[in-house]
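Below you will find the structure I want to go over with you.
We call the chains A, B and C, going by the order they appear; numbering starts again at 1 in every chain.
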Amino acid sequence: MTEKSDERMAIREVRLGATQAEGGTREVSCVIGGERSLPFSERTPGRLLVALEICDDPRFWPPVVRDYVGDLANNTDEWARAAERTYGADLVRLNFTSTKQRGFNAFDAIAATTEAVLAATARPLIVEGSNEPELDSEVFRRCGEAGEGERLLLGTAEADRYRSVAAAALAYGHAVIAQSPIDVNLAKQLNILLRETGVPQDRIVIDPYTGALGYGFEYTYSVMERIRLAALSGDADLAMPMISAPTDTLSVREVREAAPADREAMAVAWEFYTAYAAFVAGASIVCVRHPLTVERLKKALEV
Amino acid sequence: MAMKALDIYKHLPKTNCKRCGYPTCLAFAMKLAIGKADIEACPDLDPDTKTLLGGVTRPLVRLVEVGAGERSIAVGEEFVLFRHEKTFYHPPGIMVQVSDAWSEDEVRSVVETVKETVVHRVGQDLVLNGVAVKYESNRPDRFAEAVALSGGGSSLPLALIADDPAAFEAALAAAGQYRPLVHAATEENWEALTALAKRYGCPLAVRAAGPAELAVLAVKCAEAGVPDLVLDPAPLSLSDFIATATEIRRAAVGRTEPALGYPLYLDAGAFGETDAALAAGILKYAGIIVTLPLSPASRGAALTLRQNIYTDPQKPIQVMPGIYPINEPGPAAPVLLTVNFSLTYFTLLGYLEASRIPCYLFIADTEGLSVLTAVAGGKLTETLVADSLKKFGVAELVDHRFLVIPGYAAPLSGKIEDATGWKVLVGPRDAADLPGYLEKEWKA
Amino acid sequence: VEIPGMQEIPLNPAVRKYEVRLEPPSLEDTTPDLGRLLEGIERQGGPPPNRVYAPLGVLCSLPQVLRRSGWHVTATVALVPGGYRLSSVDEGDTTGRLYGAAVDLGTTTIVAYIRSLVDGRILATASNYNRQISCGEDILSRVNFSRRSGLARLQQLAAESINEALTTAADAAGIDREEILEVMIAGNTVMTHLLLGIDPAYMIAEPYIPVVRRMLSTAAGRIGIAAHTNAGVYTFPAVSNFIGGDIIADILAAGMAEREEATLMVDIGTNFEAVLGNSDWMLSCAGAAGPALEGGEVLFGMRANPGAIERVRIDPDTLAPSVSTINGLRPRGICGSGLIDLLAELFRACVIDRTGGINLELDHPRIRKGQYYPEYVVAWKEETSIGKEIVITENDIKSLIMSKAAIHAACMTLLDAAGLAPGDISRVCFSGAFGNYLNKENAVTIGLIPEIPPECIENIGNGAITGANIALVDRRRRKELDGLARRITYIELNADPSFMDRYTSSCFLPHTDIALFPHVQQTLEACRAKQGVRSWQA
């Protein structure tokens, strides 16, 4: 890997969210990526973002978070507003966990929830679409359409499930999360597939899949370092910003089996260490689920 | 410059005599090319060929031992900038800081916690490594007392943090013979501190702002007769530490600045973000990390991160064998046998989670091989299944005795039934069909 | 001697006949019969008597043969490890009738050639199934059979299978099997162990240890081979349990050890072997590609038998396929070479993406959501001879890609170990039946082998039988086989952590690192441009 930093390629910049001037309703839009060297060696403020994940059906959400947010969990837009205003999240990531119900067909609700969350928030929005391949095209079309012009970050494209989310991103001007199972080559392959379906490379964010701390996280950490190094040494199909979402961190044994009094502290510590390490490995966005983790991460990033 | 296998091979005797432990000279050359063999192993090489092929054998980052006895820590002797290039070898020593201005009880409780803390994970015991005593009382005798209170270095490795030689004089009198880390020699006090470190033969931390000054100071201390050094780059911020530590480690493993070939030191309490600093130190090359007292949650997470980052990535990507509950299974939920190859685990997990069917994923240790590979390679056997059933206490989790096995493991079904006494159901070959199969076939 | 695919090689057999006219014994000359004969042989340029060993069977018949023939006999003397053997003594002059057999002892099929060792000509060939199939389809199951006290049975079946081929060939050549005085057998390590009755049990579980890997020789009678009972039977040496005598024979057939530039040789089957090297060094590895490339595990896959689709082209605009089948019959299924053509053509026509996913958004009657997987119809019901449609499913395509990936990853492992780039190889040789009908351009398009100009890709066909022929007629090359086998460095793919990296990056058409396949990339971009926006848009 050549050392001379000027020769190195930069990570592509991806714009998220659209202000009034940019055709959307956000108070502020963000740009991630653009780095030319290893993480934390150049200081461009606003390029490392902490997202708080919320969902539209709390039945499939970690109990430790449900206990903390209480009633908020039952109305998604309030939860979204609190995420920004109370918990200080840079971004909200809306998960349509309702699509996990058997025989789901409430597609109108998908559009309505997207609009409600957009109305309740001021910063760019990440929308995690359906959990079911068959529902993909309809769910992505609905939330893509509801967020048209807002430059959402739409998730998630996978190697054998990318055409619907790519189509929605193309049709409504959104960016796409491309997820691969902890493998540099598979990450590159998915980016090539998306490119060959017409998705511009500055609208792709790589999700290398984050294993929970103690349950395979080190493989994620090394894959993220390898992706960043490949990008810096000129691999255009890997020169995209990365998003990390340690989603099963709050269901690991250490959190599940902690004494009730310690459970919250254990959940936040487990999420914090995974998330901070993901930033050190090169993530531009890290999504966490416990509100208390957000503030601690943002302060840690300023030091 | 790394010589290619074929270039090295040209210089070897080509007699394939096997005395180097490799079947052929080319096999030996290939291991030499990736630094996994020692040139001395071939007896038939003349000295100049040996130097040509051996290159610098001095370790790139010196191995430095802190403390003495059973709980001593050895850090350094690292070879790569990124763990995926080969592996990291010596995990950082985490030392909890006490102050000599504290009361006796406060000091004792920290020392006790450090001694008692053990986290059992994946067959390893994760521990905190020592106590750092900070000189804040301005009274050398008080400093010596705090050092004695911390075990004097005989039970736990110590770090002595001060800058006044007189304080060190007093502390070392009490604990000098147990190789405490003396922190830190600076441009002002290095003569006095090197003399002390040399007299007691203990490791010395060198502190200066930035790699260049550090290199100069390190050379001075080494030449003054103190070989075991640890570098404290006096970072202005945590990001500054990450960037500087990377630069120092790159200079050492890249052989561009041998004088920086020492383990690094980080004071995790310096920026008011102890957890973040601990994580940054573990990830970015710290050998000794001094931290404020930690909550049980922070301790658990930090020790686990250290364990993860210092595992050898060269082993095939495996997941931990064991029982993985999916979608909150109860005692009537099906038990699904599979292998611990990560690709198989992730493939199955995706389909099972999407299926919303509560079940137990029962992962046997096939050393990272896929189902078919493990069956064909004789790794997935009825004995492994039987032993793993007992080891993971599967019988206690469910009230039935049905085991669903992968379609590709069908040839083993009879043998598994005999060996385990469970009724074996042969599932579909492909994970995609598993949810449909369970919905249809599974009636607990 | 003319060897298919090789330049002429000198006839230099290890067994020779000497016509000898002896003085009958008398009171003055009381030399015993054997001594007298051996001195006669020496006078004819044969080896010195003290270096010649005479089997008991020959001695028992020697007195009558000498006297019945009036002391005019033909002695057959074979060069054996450590000296010479007097293999047979015939009455009168039989110097014109000296025959040898070259045998490919395959897991599934046996091939035998009978040659005259007087002038080197091929007299006849024969091939038949290996009767061991009754004890198990593949190596794994046969070794398990042998562990259940079936070793003797398997040894017997191996000998019987060879004898069936020798008998057929001998009859066709108009000679008697007794006149075959040397048999050269190339077989993989397990097959060689089974033929010689050596227990292979410890070769199929870690650490995979064969009993022996040297060239072995025995008399035909000892292992029930129906040639002259004293005929020398030689088995090829092996490198390891995965790189057997058949591969050493492939190397001999490809003349790899006689070239300066590096050659890459691949023997593709359910298990594949690959060798890279030249006269100075050689690397080898083996692994499992899976049966997909031979039609196994593929819904309508089949072996290369009559009625199998062996070549396919797809019109990029109409997506209609034009196929040709073996013997021109109505299609029954698709064999290996047909599958590779299909994969390459579907890829060029953008019906599938680079991971083999079928693009269901293409509105076309041949592209549909099948029972379990999306599929492409290759032949409609009325076009086939099996009363139903022949399709290729996405699952088939992915199995093919996984199999080709294992082979490409193995080739790249060898190249990386040697520190070479694909451009440094001057020649790629396919050996084994697989290479015969293979479209070389398509093999590169799907990334089965590193990109190399088609004219540098050769097919040596059944390298095992060719190598056996070479070793039969040229004892210098046979003598070098043990040294060759010992010199080859075997790379255990399982122990090479970066193998999986190369394998995953090869699970892509042609490869994740597109720069490794510049020519393929150009032709692809040309196809896509020609197809206009259709595929790009959908």
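Worth a mention:
Note that in this section a residue touches a chain if its C-beta (ideal position, glycine included) is under 8 Å from a C-beta of that chain, and two chains touch if they have at least 3 such contacts.
In UniProt terms the chains read A = Acetyl-CoA synthase subunit delta; B = Acetyl-CoA synthase subunit gamma.
Keep in mind the model is a prediction, meaning the values are calculated, not measured.
Chain nearest the geometric middle of the protein is B, using mean C-alpha positions. For chain B, the chain whose average C-alpha position is most distant is C.
The mean-CA centres of chain A and chain C are about 53 angstrom from one another, to the nearest whole unit. Inter-chain spacing, taken between the CA centroids of chain A and chain B, is 29 Å. Centroid to centroid, with C-alpha atoms defining each point, chain B and chain C lie 48 Å apart. For chain C, the set of residues that touch two or more other chains is empty. Not a single residue in chain A touches at least two other chains.
Counting partners per residue, chain B has 313, 317 as the residues that reach two or more other chains.
By the touch criterion given at the top, residues 159-160, 163, 183-186, 188-189, 192-193, 196, 198 of chain A touch chain C in their complex. Interface of chain B with chain A (complex): residues 82-84, 121-122, 237-239, 242-243, 246, 250, 271-273, 275-277, 279-280, 283-284, 295-298, 300-302, 304-305, 307-309, 311, 313, 317, 319-320, 342-343, 346-347, 353-354, 356. Contacts from chain A toward chain B in the complex involve residues 3, 38-41, 43, 100, 102, 131-133, 181-182, 209, 213-219, 221-222, 225-226, 229, 254, 258, 262, 265-266, 268-270, 272-273, 276-277, 280-281, 296, 299-300, 303.
Per the touch definition, chain B reaches chain C in the complex via residues 4-7, 9, 16, 23-24, 26-27, 30, 33, 313-317, 373, 376-378, 430, 432-433. Taken together, the chain C residues at the contact with chain B in this complex read 140, 204-206, 281, 283, 288, 372, 395, 417-420, 486-491, 494, 497, 500.
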